[in-house]
């Protein structure tokens, strides 16, 4: 029973990871680089939510929507100003540039917010019990959102024109242009989407956690773990891999000290990659 | 501004990290292997050095091993330990490619960090090992810190010379071929797996040495010194310098450390100003990265350097 | 004229490859572009398609000047393009490759069906990643994708390279059908020119970044004529003829 | 590599495939029901043809160790090389080109060819010394000669990224030639190569053949291939459809139906 | 070739170790830390303090030197940024008082402030800068990890480093010469927590400990104390901070439903843990550690969740001390954690400069023990002390945070306060004076 309880919390942990990673994976897939600043966008969104909610007394839902929109725009703006001019360069250059962006956002957040802790003005999580297992309303929201986002993103990428265009541009932008894909519109859509997803994850972070300006960036390691495990660029595998990492981390606490949870996350990554060298979604053989 | 002091710090730390960047450069720019866990090899060097030089445990110490060896022996062991660690981590991971390799090495480093943090019998857990032996003394009229900086710089130069020697040989060209297209290189008779492994191992050794020197510099081997941030910094230095050239790499590292020092060189006399500076420092650092990557001054400088030779 | 290229000068960075190329294609016409390796045929195609910016000259499609416009605008003017290399979306399935190509037009389903009917091998491989196709399958997919977009002008850069004779025939047939329905085609060819020449009206000879000659394609089909032409050209380029 | 027997000397089987097969998720690319078997005689010039997707390139992959056969074995000089790695097979003397040219992007054209050869300085033991230098000079000379033979000498200093499609393909061939292979597997060497150069290539292959190099060439350009090969294998759906001298193949109704269409191409 | 450069200085190495000995007999003891030598350190150091009284007027340098620099090296960003600011502010206040009183014999005090972000390497680099470039004679305010990293530098450069909150047990061995702290060791914290938990009549207690040196070692002391008094310890969980949620860590705790949870964590993790535990159905009592002893906690958690049920333990000045009361009157933020300790730190340094015969770190080091504790006159401000020193007397500084007696490791023994959450405020409920733990 205790084990099952660990499993339940693992699923919730995993779903948060999915939300945090899916936008990151999208950027990786379409733009071709690991956007380290993605984690800081979570922070932008989380603190925007907090600011509107706690400072200006907005309802948390309204604050969340505004924060997501704002984060999406911030993400798009950064892409225009910073990444677009160096698009043609190697992924490593973009990756490190994104680290620079992360520094800037982190420093700005710190300058604006300062030290100390911040929490949203929302009540305590509701507790539900069934079959002797306990879940909180917050966990349910995270799980529900992760499911909704995964499904709608899958539908979006496979069924819609924009989605297909995004995937085509991801593989070969020049050819995509010749096939009639509007590159700038598609790129804009991608950035809005991936940053918006970061925004959503940021709202979840604000809901669950106690905010400090460092907290968002602290998630980057696990985001990386999940993204890599999924096989870079694959979105569906992110779901599987997020759950796997989340459950493995939490269930492991049943046997080994909780201090080792990050170790478990990365041990899972190592083990899986040894058997599937290109991640869970890997189609490429060694 | 105290220029000698500034330069001595830049030279010391720049050399230590320069060795690491050079090794990364060998692995990445030539070997095509993205090692995102380089900090672990660095940490192995530092911890090994600390463990081998420190006295056996006593009092509140929780560590189990302390051998009290002379410093030079411990430095050699640090290099060897990094080599062994590279062999152990490289064996399963080197068949992975690109970012998958990057993240597996990253994962190894995180696992290692986590072990250092939680397993208190190795190095006192989070407390770490303090007062690591710092062997150099004043050398005649030359102050200890200059001697130390000189030793670090020598390690850098030695690494540079050895690596360059390797890379201008057909071995270096074969590495390029393997990195560009492994299958085609194998079809041209290049033992890709074996060579990648060799490069991975060779380049780990100087990182181990650098780790030992770093432990001397900080007189500390503590998990918090060996976080993923070190990996990031070294990678930043590598990319800033333009990862294709060894000179660029060294310049990039020195430039980065210089920048870090120069932003600190300004003394802040009030709490408020220091606080503002702390927030601004991040922003400025970020902006400088972005700008340097866009305009690539170090790469250009390295190109001129090469051209002028 | 459906496609009109006037005095086109273009190249890579500071290197100029095309030194003033003129070329026209009428609706319903297939023109062949022939020339030695490195002559600038692909460069010409890339420039028309908007992947390279010409430094001089004009590209006009059906009266609209599209000189220097980005590839997506060129595509929007009804120009389809099959590059010589990297001509499929490697990570997408065969079906998704075709769907992307059909994005800008209606009735995607029917168009895909038509392709699959013509090339059953693509239907068999519909959900296979394009990267794992055989060389010929990939070429087939590349051409099919471009045709699915229903272009008015079609630029084909060596589409038949690596195709089995049977496939070349089918492809020529298809292109001929579409040309008969009003499409203009530029077909760059090196290997096996006969089949394409038979279906085409005019042939341009490109050498050293210039159009050096223009022929009636049917005339080139006369036995020995093509060989004569190529030999003559080889002497021009001055390469040593191998010992017989 | 020249054989004492001179041109076209047939000294028995050099390369042999025994019941090899390869399956990709649900598709039997090579091998059909019983596996694919064929043999190549020492010094022979073998053409390998067949419809698109017949499994020709995959067969090359299996013989050069790029992929491993699911069943059966590949023998070279009587030794089983089925599971050997690509580089050991290459060192044994089997050279191959790829259908899509694979150049080393960061090297120049000349260096690409030089890198095709194996230098003593490529071993860690010798890399730090200088003894490899004399060997290097010789290789560079050989590479330059080969570039001249394939018409790329003027582009020796160019970046491979600047090469046109046809030039890349010749580079692909050149890189294998510098290795002096015993067997050369060429995957569509003329695709995208201009007819003038094709003739030069034909000449080159004839020279190699005369020198005793065993050649296996995949081609759709039958004008080119059938004039050169002395034995032709026809592959369809991964199975051997027919084999024999070029004239017989050209006339074979089965081959015509599966591959040639009306037959007027050949 | 890599070893050649290193071999040369090897012969010089012994010199390094013997060299600092020139400044005080205490030094060689550090080289052979074999248990007994620790006590050796204290005695010579005390001896050193005495001669000072005899030659106070013999100023090596003229008094009008203008400025003397001290470094303030605190975390202004990162997890402990909040505390770093309190410390830096209190030092700034102390400096203001000292300078207002005319400054020290070595000049008015100038501070250079730098942020460590809690990072040891940054700490070393900033400290080096302060010492080498700015000429700082003392560096004040590092957190535990940074402090440990600076020990060697302090010895090499002969600069005094002091911390008002670095409780790490590591310093119990490393401290004492050039390295001092105006706070007691973490072990004392653990003992106080243990005492409190044992005295509450719980039957079971769960420990939730943030994975940090400064929380784990005291928690282990507390655990021994608690289990020693027969209370069941249901869980002893060490967790990593920086997570969005701590459900996994809480699972077994909630399943075992202990009477109380001992939560030794930072604010970020602490608040989340509290909320999640309460949401998960925990209704028992809490004991927190110093990080949570701030009023913001009530806002963040929701006061109603912890009112009456939560306690907090931290090293604290004795509020009944006259010195503290006097300090409180002068400084409106005197109640902030570690503010009195920080004030004492800078005042001690300034007084030591007065007492020493040279205006540098070695001078401070040679007299600071004597200034902090001797048979001389009790003083509690800089001005008082300076006047007595100027007239040739000895002083005994009684700080706002307590009497300040440095033991052999340069640590003071401290008092601890337990506060309870009542109506959204922390209210004192128990005070353990330093003497509690003597036995």
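Which chain is which? They are A, B, C, D and E, in the order written, and residues in each are numbered from 1.
Convention: a contact is a pair of C-beta atoms (placed from the backbone, for glycine too) under 8 Å apart; a residue touches a chain by one contact, two chains touch by 3 or more.
What you see is a predicted model, and the numbers here were worked out from it, not measured in a lab.
Following the contact convention of this document, no chain is adjacent to both chain B and chain D. Taking the CA centroid of chain A as reference, the farthest chain centroid is that of D.
Using the average of C-alpha coordinates as each chain's centre, E ends up farthest from chain C. Each chain gets a centre from the mean of its Cα atoms; for chain B and chain E, those two points are 33 Å apart. Mean C-alpha positions place chain A and chain D at a centre distance of 48 Å.
Our note on geometry: chain B versus chain C, Cα centroid distance of 52 Å, whole angstroms.
For this pair, chain A with chain C, the centres built from the Cα atoms lie 43 Å apart. Residue positions of chain A touching 2 or more other chains, listed in rising order: 110, 257, 259, 262. Across the assembly, chain B contributes 117-118, 162, 278-279, 281 as residues in contact with two or more other chains. Shared interface positions of chain E, i.e. residues touching 2 or more other chains, are given as 76-77, 85, 211, 238. Chain pairs recorded as touching, per the definition above, are A-B, A-C, A-E, B-D, B-E, C-D. Contact residues on chain E toward chain B in their complex (touch as defined above): 1-10, 12-16, 19, 33-35, 72, 76-77, 85, 88-89, 92, 110-115, 117-121, 124-126, 128-130, 132-134, 145, 148-149, 151-153, 156, 168-170, 172-174, 211-213, 216-217, 238.
The touching residues of chain B, counted against chain A in their complex, run 28, 34, 92-93, 95-97, 99-100, 102-104, 106-108, 110-111, 114-115, 117-118, 228, 232, 235-236, 239-240, 243, 276, 278-290, 293-294.
Of all residues in chain C, only 12, 15, 35-38, 42, 84-85, 121, 125, 128, 132-137, 139-140, 158, 161-169, 190-195, 226-227, 230-231, 233-234, 237, 239, 242-243 touch chain D in the complex they form. Chain E makes touch with chain A in their complex at residues 76-79, 81-82, 85, 211, 237-240, 242-245, 247-249, 251-252, 254-255, 267-272, 275-276, 278-281, 296, 299-302, 305. Every residue of chain D that touches chain B in the complex is listed here, in rising order: 64-66, 85-88, 90-91, 95-96, 98, 102-107, 111, 114-124, 126-128, 132, 136, 175-176, 179.
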